[in-house]
Amino acid sequence: MAELKKNTNKNVELKGAKKEDIMSPWKVVKHRLRRNKLAMVGLYTLLFMIILAIFGPIVQKYVFGITMEKIDLYNISAPPSLKHPLGTDEVGRDILTRLMYGGRISLTVGIVAVSISVVIGSIIGGISGYYGGVVDGIIMRLVDIFMCFPFFPLLLMLAAVLSDYKVDPKYRIYFVMIIIGILSWTGLARIVRGQILSLREQEFMQAAEALGLRDRRKIFRHLLPNTFASIIVSATLGIGSAILSESALSYLGLGVTPPYPSWGQMVQVATDYYVMQYEYWKWIPPGVCIFLTVMAINLFGDGLRDALDPKLKR
Amino acid sequence: MGELLSIKNLKTYFYTEDGVIKAVDDVSLSIREGETLGVVGESGCGKSITAMSILKLIPNPPGKIVDGEIIFDGKDLTKATDEEIRKIRGNKISVIFQEPMTSLNPVFTIGDQIIEAIVLHQNMNKEKAREKAIDMLKLVGIPRADEVVDAYPHELSGGMRQRAMIAMAMACNPKLLIADEPTTALDVTIQAQILDLMRDLKNKTNTSIMLITHDLGVVAEMADHVVVMYAGKVVEEANVYEIFKNPMHPYTLGLLESKPILNQDKDRLNSIPGQVPNPLNMPEGCYFHPRCSKAMDICRREQPELCSVKDGHRVACHLYREVK
Amino acid sequence: TETKRKDVATVEKATNPAKLPDVSKNRKDTLIVGTTAPSGKFNPIYSDSVYDSWVVSLVFDGLISNDEQGNPTPLIAKEWKISEDGKTYTFTLNKGVKFSDGQEVTAEDVAFTFTAICDPSYDGPRTDAVSSLVGYKEYNEDKEGKVKEVAGIKVIDKYTISFTLTEPKAPAIYDFGYGIMPKHIYNFEKGNIKPLKDKFLSPVGAGPYLFKEYKAGQEIVFEKNPNYWRGEPKIAKIVMKVTNATTVIQELTTGSVDIDSVPSKPEQIDLVKKAEFLDIYRYPSNSYGYIGWNLRDEKFKDKKVRQALAYGLNRAGFIQAYYKGLGDVCNAPVSKASWAYTEDVNKYEYNPEKANKLLDEAGWVKKEDGYRYKDGKKFTVHWMTYTGSKYVEALTPILIENWKQIGVEVIPELMEFSTLAQKVFDEQKFEMYNMAWSLSIDPDPSGIFSIEQDKLGGFNSVGWRNEESEKLIKEGLKETNMEKRKEIYQKWVKLANEELPYLFLSYANDTYAVSAKVKGLRLSPFTDWTYDIHKVELQDVK
Amino acid sequence: MIPVLIGVSIIIFLIFQAAPGDALTGMMDPKMSYETKQKLRKQLHLDEPGIIQYKYWVQNVLKGDFGESFYFKQPVGKVMNTYIWNSFYLSLASFILSVLIAIPIGVISATRQYSFMDYFFTVFALIGISMPSFFFGLLLIKWFAVDIKLFPVSGMMTAGSTAVGFAKFKDVMYHMTLPLIVLTLGSVAGLMRYTRSSMLEVIRQDYVRTARAKGLREKVVIYKHALRNALIPVVTIFGMWLPGLFSGAMITEAIFNWPGIGPIELLAVNNRDYPLLMGINMLLAFLTLLGNLIADVTYALVDPRIRLK
Amino acid sequence: MAETLLKVENLKKYFPIKAGVFQRTVGYVKAVDDVSFELKEGETLGFVGESGCGKSTTGRTILRLLDKTDGSVYFEGKDIFKLSRKELRSIRPKMQIIFQDPYSSLNPRMTVGEIIGEALVDHGIVSKGEVKDRVLEAIEMCGLAPYHIRRYPHEFSGGQRQRIGIARALVLNPKFIVCDEPVSALDVSIQSQIVNLLCDLQQKFGFSYMFISHDLSVVKHISHRVGVMYLGSLVELADKHELYKNPLHPYTKALLSAVPIPDPTLKRERIILQGDIPSPANPPSGCKFHTRCPYKKDICSQEIPKFRDVGGGHFVACHLV
């Protein structure tokens, strides 16, 4: 009690905090992440892809005067050259430009789809886990139902409805993203729910209850932030799989609308035997791009998981 | 009584992301045959790591025995090969761990786990080993031992599990039993049973025991000799009567005084102020000085060495330097 | 290069048959034909894809067949007569034609086959072949089983049968080409066709081959019918193997497949040629690709606009880019292979100036943004098209670019094919779309362009209502004299070319690669490899 | 379980109903008149409202069959039976192979955390996860089937082969190799990561230390004491693979012309073959639920702690 | 120190045991089985008993952090199980809890300032501006430095965290605090600091404590009265001096004799019980203690002994007394 009274003086300088290096939980994660080489390789690859996708087409347009729709009839299916570093496609469009443009789409698909699924998944998972009981039972059955959902018919229906409402095809891809997002929240919801079910039993939640806090506050201030680790990991990995989904959809002819390219759609030309065998520049680069991007995201996500897991501390 | 085990200047460090943790920092102690050595100190002061170092059970990475000798039966264990250590583990030196709940493998029956050790070290066939296992379980006072051999750990209560652990540890008649807080997780009434049991076993087999605990009461009841640790170092060592009658190190003193004693009434408890130091960021000089009411200048600068003050009573504190 | 039948198919002979791979060389009694997607409906009255129909025509023979020009030829029926009023068809059967189980083919079997199509429980695609028979309605709509026979189908004697239609229909003769099923095997009770469907995978007919085995998604195996009535087939065994676009060239050039269709693209054909042991057959396919525009839409009502848009699209350029010389510009809704085809039509060659002029005339004014406006409305076309098509992919940029030049904005919308079909035909909610028509042997256009078809679900979805066209179509249907019909249809073709109910795009070619060891194949727009297959043989090549 | 199946069936049916077009819109034969189409629609009940169609479907199901496929004109069960086993063989082979590969490397990776091997397998696993299957499939075809002609391009058996017994098995395996590689790469990755993290968790446990303290050999410690525990969560995810064994890998099967159910489902979608689609989807929904149930039950089986008393 | 603050009557709390694939309830853990007692203002009531005997469950059920199975709890005369959620929320600040585990009872993603001040904000007890002052006040009272409010719990040692937990309860100005083993998880040298702090605060603010611990010596030090629990039931309750000097229930006796005393010269006669604690899911019939009781009689296994006053507020449940 003696030292207890030492600094009862209210005007004690709060600056004291600065003297010691305060590491918030996030700083610790950042710190650890930075030391993980694979994760950093992933991060930089990803940044590179993003920058290329954002600024690449602009540079091509204003510096070289090439747009992704521009047809060069003199260079149809031309192999890589100085003018077209990655060659041209069967109607003479510059593949590099289309690739960069496709990156925009693929990356946006990933990000938008994942944002949607993360928002839905964590809210529903949070509610389900927090309230438990009947609410949880109903929500989990709903998750079961969603998990048994047929993906393709839904997209077909969507495509038709969109054309009914005369949505500009340019934006149609966003709806595809939304659908991918809406269909893929279930996994995250389960993870979040599972964690919250156990977090709920932790004493700090009993403390929150004892303090008489509102439910909303308990879910969003106390519980969800503690599931951030899995949410973030599942989000980074989700971006990868959303990009793959879009690619696969495009590959089956259900994705973006030409002339807007996406990577998946660009790879599709390789179903043509001739293209596959003799025109590698048409399909290898987009395939490699998908691969690299998803790989980068996975590397980063994996590193993030390690960084977020206190047990994995080295 | 000859010395069974003697640890000399043991240093076990953990190389972590945030820096080096000197979990065991220059610890020396010894155990004689048939003796019970009590090791006390607060949580995190390196008691378990000292014990683990003996059997090289330190998780590596990040942990590593950096320096020192561990002489057991005339052999330096720090220099022994993995194979040699393996032969000693469970055979000549056995361990009982703190948490009976998690120290047994949940997917094997109690019998399987005991038999495994017996088969390994005593060249018995399975049937014989099983018989022996049942005998051991009976010995530690488990009723219905022939049924319990086939039970899974989760089917037993904490006390029974701890007894099963003891049965497993004693199965090969070890020369040294390391009991790492064997009763902390148990209730006092069960704790009393277990301690009783251990004492009986020791008397029967003349096994030496290294008893690690932070409960001074347990030490008072069980130990012949006591080592007090603080922040990776031994701060005081003496036989049990000496320690309780005549504690010297301010930390030992503080410990003894801060605990309310059942049949003594006090208005206010004495307490050691301050917090246990961060292992990454040890203070200069004597590790205890920031909490020590008798701290002197020298304590802030120089680390005291463990020196003999009386015969058999050794303490690491500048206050007693002159006495040397 | 040897050209056999001038206007029907060109054949490029293998340059070095000796290169035939050993696998193929050693396979002396088996012919392997590539197929894409047999669905297992191996029945003459149910098959609805070309792949199933190959199976059917190997196993079944029909009353008649046709030649390379599309003219009907006798088969089981050695001859037929059409009555004066054009309503009654009487067929006389060859005697001694046997099903593969040894029973003779009689008029009863023929009657059974066609009566089966009339059955109330029949749910296959052949109804139109019998729906104009006298008594069809009565038979079909009677559910209680009181009407036992179709009045218009009359068995005259064991080898003679006649069919009577409610009104004359010139193309009707082709409806009698469907394979004849043995009644004693396929028979079923009226109103319950299930027993017949159960035999899809064990077809028995009077055709040259016996059906042996079907491995779904993989292959179909046939053995020759030693007692085939037109003579024992020369090839002992035929295997139809499933291949796909990615694998076909590979399968062909390694000799694991002897006959397969290849994409009509020069680079692909070059690959086939490089193998040096494959003959290449090429002929115009019996189809055309087009852009349909909704003639109810103000924009497209004006003929000038339609013509302008035709002039304004570099179709030749597109076809060159896409087919690389292996396709042609289409200017009228009739196949190049058909006898109704004529060169004497407006070619609408690419001419942006003319297009601009016509649009100016039609009142569409170009503004500074480069697009045309009329009554304040921009000339914007929503173009619905379908996914997964290279054709569309190639067309899209050209269409957008070309029409932009003449001030027309195109917004493509991709959808899956069924969705497109629904929008176009069942709902008629579209401005413009593109598709292709695959035609029948007879050039009769009534199924697509008659006014009667201008209804929800009908095929005249663009809504072409032209009196003269209607008159010509009706005339053509009634006329049984070949010369006169030809005249009528050519007149109609010119009308369609002038009016442009569609923007006609392209004629494709079909290309088949055939191993040099296969001799005697009759490939043409109207005859596939199964025609006269009993005469085809496998020869050793040196 | 049953309420979920009913819910799934209703929702799937609603979606199909809402999808534009029906089984006949795609049939565009000018020889097939409007009347004929309407007649066929009537026969297939396509002219009736969705609820009634659902009623017919339920009636069929209660009778024990899923109706007749519009496209194949055969009972749905028969059509599925024809294709589903081909998918099953391929998926099963891939499943077994994945397990055989993934678990050992997962263990190695975990026991040597942060070693070269660990990094190597981690990167390998991530490649597996990141490689789009169509791209990888095409690459394999190009390299192994086209360029060096080691494996066949597609199909499941040599055409016209009449081989039986072992020769047939060999032939099938030969054709299966490339698709198997594609499928396995994808699943090995996930499973291996899963095993690794589960193993990492376990080797930190006290009972592993106990096992060491007993003087057991390191191999016994890892493969007996640790692995048994680490596999508990892994084994349970096998149940979740159940639907995967039958659902067919749509893309891989399409690329390699494998006669499985994947392409048939796509075909059913394109042809609006409701009975077939319902059949396939209901089977998968059922298997999904069954798989979850099996996962629960296996959990109880492999983990004595939750064994029923 | 006269008013009755809390009154517990026949409180029961059973947890269902679920098993099997369908998670059917196959039985109940009788965690709290018929517990009654009273607590006066400014008084400390100690609760001792073996691990798992239902001490924490009792404490938490009293605060309605768990739902009861039966019985009633009156806080300031109001039955808290009859309150609506809103009323309950408003009464919460008056009754607080300090948890055993200083690690899991603080939300690792919130700063100390947020943790302590949060309830003030959520209840609108003080204006936004004042919150910080109140937090600082509480923090200093508990022996922490003001700059600590910006830190996260993981940066503190166990003893400091327990202080944060105490500050969190303190800041709301409660009347009654359940201390659920607040020192069991702490280092020996830190325990006494916290015990002293709790004593000091009680003296200053007149809190009532329900002090749960299995450490009999600590309980004795801090409490006025002590209750002994065994398998969900109170077996003895008395003034602490009375209880420790004159334990009546055989279990209490055994417990007291089993506590190790840090004095090697002192050799006591210890009562070593036989057998293990029975499972609370399947408690023995009659007196729950009879399976381990060295003095058991026939009646013990048949009849449940009444919890009754044997004079001077000394309650005990035993047939032998």
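Here the chain labels run A, B, C, D and E in written order, and each chain numbers its own residues starting at 1.
Methods note: contacts are C-beta pairs under 8 Å (C-beta built on N, C-alpha and C of every residue); 3 or more make two chains touch, one makes a residue touch a chain.
What you are looking at is a predicted structure, and each value in this text was computed from that prediction instead of being measured.
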{"item": "Partner chains shared by chain A and chain C (touch criterion as defined above)", "value": "D"}
{"item": "Label of the chain whose CA centroid is most distant from the centroid of chain A", "value": "B"}
{"item": "Pair joined by more contacting C-beta pairs (B-D or C-D)", "value": "C-D"}
{"item": "Chain at maximum distance from chain E, centres defined as averaged CA atoms", "value": "C"}
{"item": "Centroid distance [mean C-alpha coordinates] between chain E and chain D, Å", "value": "53"}
{"item": "Separation of mean Cα positions, chain D and chain C [Å, integer]", "value": "37"}
{"item": "Distance between the centres, which are taken as Cα means, of chain D and chain A, whole angstrom", "value": "24"}
{"item": "Gap in Å, rounded to a whole number, between the CA centres of chain E and chain A", "value": "47"}
{"item": "Where chain C touches two or more other chains, by residue", "value": "246-247, 250, 416, 418-419, 422-423"}
{"item": "Chain E: positions in contact with at least two other chains", "value": "196"}
{"item": "Contacts with 2+ other chains: residues of chain B", "value": "61, 273"}
{"item": "Contacting residues of chain E [partner chain A, same complex]", "value": "60, 63, 65, 88-93, 95-97, 99-101, 104-110, 118-119, 122-123, 133, 136-137, 140-143, 145-147, 150-152, 154-155, 165, 168, 172, 196-197, 200"}
{"item": "Complex contacts: residues of chain B adjacent to chain D", "value": "55, 57, 59, 61, 82, 86-91, 94-95, 97, 99, 102-108, 113, 116-117, 120-121, 152, 154, 165, 168"}
{"item": "Complex contacts: residues of chain D adjacent to chain A", "value": "3-4, 7-8, 11-12, 15-16, 18-21, 114, 119, 122-123, 126-127, 129-135, 138-139, 141-142, 146, 200-201, 204, 250-251, 254-255, 265-266, 269, 277, 281, 284-285, 288-289, 292"}
{"item": "Parts of chain B lying in touch with chain E, wherever the complex brings them together", "value": "42-44, 143, 157-160, 186-193, 195-196, 214-221, 223, 240-241, 244-245, 251, 254-256, 258-263, 266, 268-273, 275-276, 278, 291"}
{"item": "Contact footprint of chain E on chain A as seen in their complex", "value": "1, 3-4, 7-8, 10, 12-17, 22-25, 202-204, 206-214, 217, 221-222, 225-226, 228"}
